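Shared chain: subunit A. Partners: subunit B in the first complex, subunit C in the second.
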Partner chain A sequence: MKRFVRSTEMTLLVIGLVFFVGLVIASGGDLLAANSIRVLLQFLAVPVLIGLAQMVVLAVGQLNLAVGAIGGFAAAAMGVLMADHGVPVPLALLIGFLLAGAAGLLNGVLVVLTRINGFIVTLATMTILLGVQYRLVGTRTVDAYPQGLKTFGSAALFGVVPWIFVVALIVAALLALLLKRTVPGRQLLASGGNPIAARLSGISNDRSVIVAHALSGAILGVAAILTVASSPGVNKSIGGDWLLPSFAAPIIGGALLTGGSAVVLGTVLAAFIVRFVDTARAEFSLEPSWVNFVVGAVVLGSVVLGQVRARRQERRAVVKAPDAAVAGGVS
Partner chain B sequence: MSAPVSSTATEALREDTPVEKPPRGTPWWANQRVGLLLLVVLLSALFGVLRPAFFNQQLVVFPLLRDIAMFTVVGLAQLCVLSIGHMNLAVGRMAAFSMMITGISYDLWHFTLYSGLLVGLVAGTAIGALAGWVIARTGVNSFVVTLALDFLLLGMIPLVYTSLTENAAFVTKPPGMRELRNFSLADVCIGNVCGSPAVPQLAIFAVIAMAVVGWIYARTRLGRELLMTGSSVRAAELSGIPTARRVIIAHAMSGCLAALAGFMLAVSTGSIKATIGEEFMLPSFLGPILGGTLLAGGFVSIWGTLLGTALTTVIRKGLDLLGVGLESLNIYLGLILLAALSTDRIRTLLSDRQAVASSSPPPPPKAAGSQEGER
Partner chain C sequence: MTLFEASEIVKVFPGVRALDGVTLTLEAGSVHALLGENGAGKSTLIKVITGLYRPDGGRLLMDGREMSFGSPHESAAAGIGVVHQERNLIPGFTVGENILLQKLPTSRGLVDRAAIRSEAARWLAELELDIDPDQPVTELSVAQAQLVEIAKALSVESRVLLLDEPTASITPNEAALLFRVVEKLKDDGRAILFVSHKLEEVFQICDTVTVLRDGASVLSGGALADLTRDEVVDLMVGRVHEALSLPERAVDTAVPPILELRGVGTASGHADVDLSVRPGEIVGLYGLVGAGRSELAKALLGLDRITAGEVRVRGEAVKIRTVRDALRNHKIGYVTENRKEEGVFLEQPITRNIAVTIWDRLRKVLGYVPAKVETAMVTSYVEQLGIRIASPSQLAGTLSGGNQQKISLAKWLAAQTEILIIDEPTVGIDVRTKDAFHTLIWDLAANGLAILLITSDLPEMITLADRVVVMRDHRIRGELPNNHDYDQMSQQVIRLIHAEGTTAA
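== the complex of A and B ==
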């Protein structure tokens, strides 16, 4: 418990709560109306998922620049399948989901096979998938898909919690379970934390990398489904603005770029905070640019604070154990 | 029991030996630059045969060279930070920021073309140095810092534009800007000998940038120290190099070159607006990486950057002329990028094998894993 109080998650929770209370006061209580909360959560589902999709690959020490491209490509594929080819909704969604998963898998396989840096590989697949997405939908907006899906996208549990948000939370819970409790999840984190140690203990780093990229693709597949369900139509710009938020959420949430950290809760909380910033902007009717500005400041602030905290803890540890410090100095 | 464990351990380590290494002492055909040059020439010839219009001096070659010049400078901006093993994700936004300052100097202070450029370069250097300072001071990964800076500038720049201008663009154009855009070497004459009408005057900026950056890395102590910082920060530190200061300098150079690229884009499109540099991020990595610059730091190639940029730009232009739509262009570009990098790896493997076959002992396994080196 004491560890949790000092953790990044706790800090984020407090910041988020303070922010929310401030927003409620600023809005004169309007924000607590069922409809306001529904809208707030409605636009939170997809950011949570794209943050998680990036977090998974960060956990194994890789990057995925293709988050937006995979999501946009899958969403475009679903839209075109349903609207132009009359494919039944569940089948179209399944195909889109599998396509996204396959794209992620392909990223992982390419990284492992070619040994090219993941940054470059996902940069290349991003370019390719953006082209495919554009070719699928062109300049039009595909919106002629069944009403039932759109109804699901705007439906809410008790009129407050949108179903798509529930789906995002379920994915987050499953991911946390997978990373913390299952063998492949632990192996993935081990590979990310220290590849050499992981290999020496018989873990295949290559498999971990492939699993992480495939998971990332699958999460993006879910994000694409939710996007198709909740937005008025699918066009070529979907996914175009996902890249920066996908890094912001895990980094604010305390993920290490060097790998080995699983911060599902932190990522979700960070997505909340970013959403609050957006809500605040709407509340005070400021320019949309302010959101990016504030998010940039928050990202920078949170990493610098994290660094300062780590250093202070180190110093405290040194004071507590002077012998160890001396030994460390000698070696 | 201990013997098999240690043998798997060495095997494990050997498999992780970094595959990327400076192409020194490799046969000429394994040299990346030669391959790139051949590819550029062959592709240009191919496009020229398929569409003779590809060699039209005014309509194709002139803008093509202008694009190559600009993206080479963008690539050099990335190369400076790659040399110390860092990244600059804000390269486009730094260009936008410095052009904003330049625009203000033209619009509000009525500066001339070149003093405005100077102001922009100083602004770019300053913002780059700021990024470097934050990285050096806090020890946070350069990826995160420049990403956050990108966010910050992405938010700030439109705010400034909307508060200072009416149409989100600085409309005042100092005298000489239009001429600089359209003039080629044909307008520069020494006696009776004039230059080619196909070579834009803007390309001179790229040549100067390449010369200066090349001189720094090849001839000066600063360049050596930057590369050493890139190879191993610890070793550099232990040999008395002030690595923190080198990090700041590398990022400042990157910002300065980004500003120059932004200026070239502003001149060639004829307007200074908030969206300058939006499409810089991808090409900034493509050029240097294709040209053989290491992401891990410690090795740069100026000529490679030019050739890598030329390759992607020629492909883009050629496919465009062949009538390949915008939508398919990206698909081919991505595929070519993957293919180029994969063949590169195959070539390295082959030349390594040849080196082994010619009786030189295999390189000793390095302790650092390839994944470690990639970061």
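== the complex of A and C ==
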């Protein structure tokens, strides 16, 4: 419990709550109306997922530049299948989801097989998939798919909590369970935390990298489904603005760029804070460019904060270590 | 009873026969030492036994049955536990998870935390360790982490335990704890292989010994009781190893100190540090790991804040803010302790590694450094220090540890430093290279360099230093003139180290 109080998650929770209360006061209470909450959460579902998709590859010590391209490509594929080829909704969504997962898997396999840096590999697949997405939808906006899906996209539990947000939370919970409580998840984090130690413990780092990228793709598949369901239509620009938020959420959430950290809750909370910045902009009718400015500053600030914290912890460990060793050694 | 046997093991790498007919036998209830100089094949042998390398010849036998290990997983399953030289814990994980990492217990598809706790507690209890399985490993001291690794090695139900230089980074006190654990495991009937560079430890806790030289076992399973320290060293180096004899070297005590610390305190906790070094003098700064010696050196170079007292260089009080300042304006150089992390650019050629401190001097118009000038300058130092290289453009990472260390020394000589701080110069370096290094340091002092030698190696200190300064808990505990008499000096130094007035809280 003491550990949680001092954790990044706790800090984010406090910042988020303060921010929210501030916004509620500034809006004169309007923000508490069911409709306002619904809109707030509606636009949170996809950012949460793309943050998680990046977080899971950061956890293994990799990164994924293709988050937007995978999501956009999968969304385009689903739209085209339903609108142009009349494929039934569930089947089209399943195919899109599998395509996204396969694209992630391909990233992982390429990184492992070629030993080329993940930055380059995902940069390449990003470019390729952007091409495919454009090939699929061109300059059109594909929107001739069944109304049922769009209804789901805007439906909300008790009229307050959008279903797509519920889906995002379920994915987050499953991912947390996977990373913290299953063997492949623990192995993934072990590979990210100390690859040499992991290898010497009989863990395949290659498999961990592939699993992380495949998971990232699968999460993006879900994000694509939610996007298709909640947008008026699918076009070539879907996914185009995902890359920066995908890094912002896990980094603000406390993920280590060197790997080994699983910060599902932190990523979700950070997505909330980024969303609040956007809400504040709307509330005070500021220029949209301010949002990017603020988010960028917060990302930098949280990295600096993380470093300060690590250094302080290091110093404490150094001072304590020699005595602790003798006191707590063999009893 | 023979538990494990490696017989006539051969391992070939392109261009090298790393192992050429090595035989090693481990008995139940016995501690077996594996000795050999750097490059003799110890690490390769361990990697073969643990399934990281496949042998090109020979047989591995467990309980007399022939085994073949394709991965660390398979050797662990056969009951071989290993504590590798590298630190081997996953930072974000708990003690329990680290111990059981090789085989996390599950129930209904999920990692079973209760089982981890109780299983890990069982292994910690086996080692009589008072550590909470739920504690994050980042909160452990180095020695505790080392013991947790042993628990991890045991957790595969191992009957054979390989310890690869387990005492390299812990203090003698902590090593004593480790040895108690080793004794216990031995009494429980396990077979233990102990790899170390420290012969004192080997004679203290091992029963039998195998000595490797140039990839072959020159002694296999000899009883240590029948051997003397000198005999073991002779087997390792392959010739009769004579005690190093150094020429006379006198320090002119009339010359004022070139470096002087008066009542220095630092942000990392030093207080009242008085220390002086004359030109041509070697001052040994002795202390245990964690005593604050490297930290003091770093503060001198401006890498940490000096909060009290004054530092005088050539008689003048100075404030050194950066390493660049120390080098340029005060001619102070620092040969770091961790050559791989701090001393050498492994992916860069030797030329650049040495010339890095003097590019300003070598550069011509627009900062261009002619390769010819660089190579000529570098070659002279390579010859002077006897660095064995194929060509100056060879990558530093391809050199042996001893030669890498010489390169990190050469760059400071090239910069024409007059004060040299040398930090643990021979850790992990074999006996022969060590002697060469000692002669080198001696000669540098004879040529007028002022040397502050930081070391935890008592024989090294007593061989080289003119004066020995002992540090503990970031304070100077005493200063002794060195009479080079090992028995007498070591007693005095150890007494200072363990003197009354422990300030640790």
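Rule of thumb we're sticking to: the second predicted complex is superposed on the first by the 315 of 331 C-alpha atoms of A that agree within 3 Å, B and C clash if a C-alpha of one lies under 4 Å from a C-alpha of the other, contacts with A are read in each partner's own complex, and residues count from 1 in each chain.
Going forward, a residue touches a chain if its C-beta (ideal position, glycine included) is under 8 Å from a C-beta of that chain, and two chains touch if they have at least 3 such contacts.
Small disclaimer: the values here were computed from a predicted structure and weren't measured.
Legend: residue contacts after superposition of the two complexes on their common chain; A:196 is shown touching both subunit B and subunit C. Of the two partner chains, subunit B is the only one touched by A:247; subunit C is not. By the document's definition of touching, neither partner reaches A:164: not subunit B, not subunit C. After overlaying the two complexes on the shared chain, residue contacts for A:297 are found with subunit B alone; subunit C is out of touch. Contact with subunit B, but none with subunit C, is seen for A:125 once the two complexes are overlaid on the shared chain. Legend: residue contacts after superposition of the two complexes on their common chain; A:181 is shown touching subunit C, with no touch to subunit B.
Taking subunit A as the reference chain, the count of touched residues is higher for B when subunit B and subunit C are set side by side. By the touch criterion defined above, A:261 reaches subunit C but does not reach subunit B. 196, 199-200 are the residues of subunit A that lie in the contact sets of both subunit B and subunit C, per the superposition on chain A.
Of all residues in subunit B, those touching subunit A in their complex are 8-9, 12-13, 16, 19, 134, 138-141, 143-145, 147-159, 162, 282, 285, 289, 295, 325-335, 337-338, 341-342, 345, 369-372, 374-375. Residues 177, 180-183, 186, 189-190, 193-194, 196-203, 260-262, 313, 317-326, 328-331 of subunit A touch subunit C in their complex. Residues 50, 52, 71-73, 76, 82, 84, 86-93, 97, 101-102, 104, 106, 109-111, 113, 127-131, 138-139, 141-144, 147, 152, 170-171, 173-174, 177, 180-181, 268-269, 290, 504-505 of subunit C are the ones that touch subunit A when the two sit in their complex. Partner subunit B is touched in their complex by these residues of subunit A: 61, 63, 110, 114-121, 123-132, 134-135, 138, 195-196, 199-200, 205, 244, 247-248, 251, 257-258, 287, 289-297, 299-300, 303-304, 307-308.
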